[in-house]
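Pasting in a structure now, in structure tokens, and then I'll have a few things to ask.
Naming follows writing order (A, B, C and D), and every chain is counted from residue 1.
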Amino acid sequence: MSAIIPSVRVQHGDFSIQKEIRLLCEGRRDVGAVVTFSGLCRDEAGALAALELEHYPGMAEAEIIRIALEAAARWPVTGLTAIHRVGKIIPGETIVLVIAASPHRHAAFEAATFLMDFLKTDAPFWKKEHRNDGIAGEWVSAKETDDRAKNRWR
Amino acid sequence: MSAIIPSVRVQHGDFSIQKEIRLLCEGRRDVGAVVTFSGLCRDEAGALAALELEHYPGMAEAEIIRIALEAAARWPVTGLTAIHRVGKIIPGETIVLVIAASPHRHAAFEAATFLMDFLKTDAPFWKKEHRNDGIAGEWVSAKETDDRAKNRWR
Amino acid sequence: MTKLRYFAWVRERIGIAEEDLELPGHVKSAGDLLTFLAARGDGFAEALRHPKVIRVAVNQEHVDHDELIAGASEIALFPPMTGG
Amino acid sequence: MTKLRYFAWVRERIGIAEEDLELPGHVKSAGDLLTFLAARGDGFAEALRHPKVIRVAVNQEHVDHDELIAGASEIALFPPMTGG
């Protein structure tokens, strides 16, 4: 597998998963498996009005690229895409999309899982909650389960 | 998590992954993670002209539903979709699509992987190769790695 | 009468996709059925020469070869599956 | 001069998003920087009260608190990340 160039973007607007898959596989005949992960904003049983996503411009993209290159070194992938949205996101909308393409299905599943596990803990994004009841929203706390999810890859 | 009704189809034509995700998540605000797996036809370094997919009508759908219900019993999923194409499929086209939606990302990843691992070995589909060099194509042999992939879930 | 269905290379070697058959009383298990059919010769012998690799479904559910098949309305024989 | 950048609740508590600062010679490690900034009082003291939870990036790469920061052109302080 030759070196791949991960496609990484941080943007305000939504995106088309179909188009992103096509971009990743276009003109190739060696891709046997494409795994996508979409992370969506939940409404927390009606309590949440929106999430406000903040990021560290420059480092956010650089960190995701570092994670993607590590994934590409561990599994035979033909392409990796990661798109993270910032700004205000309402329940039901997509926050993040990760795509892994590979000749083999387990490589695609593992690379996508790895990319998400590290993106959660290492990419500089932060979520603030806006509540429906008008009470000032809190910054979301980091989860210990996310650290554990990352550490199982070591 | 209340019981889900898996959406399972066997069809000749292609499908829209975007539309299938929308159908699975429409009107819900409790979905935090959607994982899709697309299995594509590879050209085996130019040797393959097409795959011919045969299936056992009735049992194919019933078996995938059994696998999906087992996945739903093991992980907290809000929805599962599986679409398998039959007939002639050329390199670059999609053969199978599996989607798992859940509040949590690892449940979605695991349910989708489980569904694919069992679909590969237990759902009655068979692939025959059509070669570019005109030599009569063979039926694809089952892979021992697929049996191992299934057995790690026991 | 039992409907027998054949798929993939089992179908190709036998030469037919399905048939209705009255099974004799001594054919009690799925394995017995494979032995009985192989003895019909030609395509059947060729298709079922390695019975261990043949998968059997009774009324559209997978069964082991030692499973009893009495009362089955539909039995299918096919090679290991290669979908997905 | 070093550009300091603050994010999320670190930024909110400090009250500014960034500033340019001449760091004194005794501020050698990322941990030293946290101690130095916390001593500036008010928002800084509040934001950096639990220094262990604060993450530090030097020139846009994560570093541990014992990492030396000499020559850094940009240092960022922020809480544990919650993207994805």
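One rule holds in what follows: contacts are C-beta pairs under 8 Å (C-beta built on N, C-alpha and C of every residue); 3 or more make two chains touch, one makes a residue touch a chain.
These figures come from a predicted structure and were not determined experimentally.
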Lowest number of touching-chain links that must be crossed from chain A to chain C: 2
Between chain A and chain D, centroid-to-centroid distance (C-alpha), Å: 26
Between chain D and chain C, distance of the C-alpha-averaged centres to the nearest whole Å: 72
Where chain A and chain B are represented by their mean Cα positions, the distance between them in whole Å: 23
Chain B residues counted as touching two or more neighbouring chains: 39, 105, 116
Numbers and ranges of chain D residues touching at least 2 other chains: 84
Chain-chain contacts as defined at top: A-B, A-D, B-C
List of chain B residues in touch with chain C within their complex: 39, 53-56, 58-60, 62-63, 84, 95-96, 116, 119-128, 139-142
Chain A-facing residues of chain B, complex: 16-18, 21, 25, 28-43, 45-46, 91-92, 103, 105-106, 108-109, 112-113, 116, 149
Contact set on chain D toward chain A in their complex: 5, 7-9, 57, 60-62, 76, 78-84
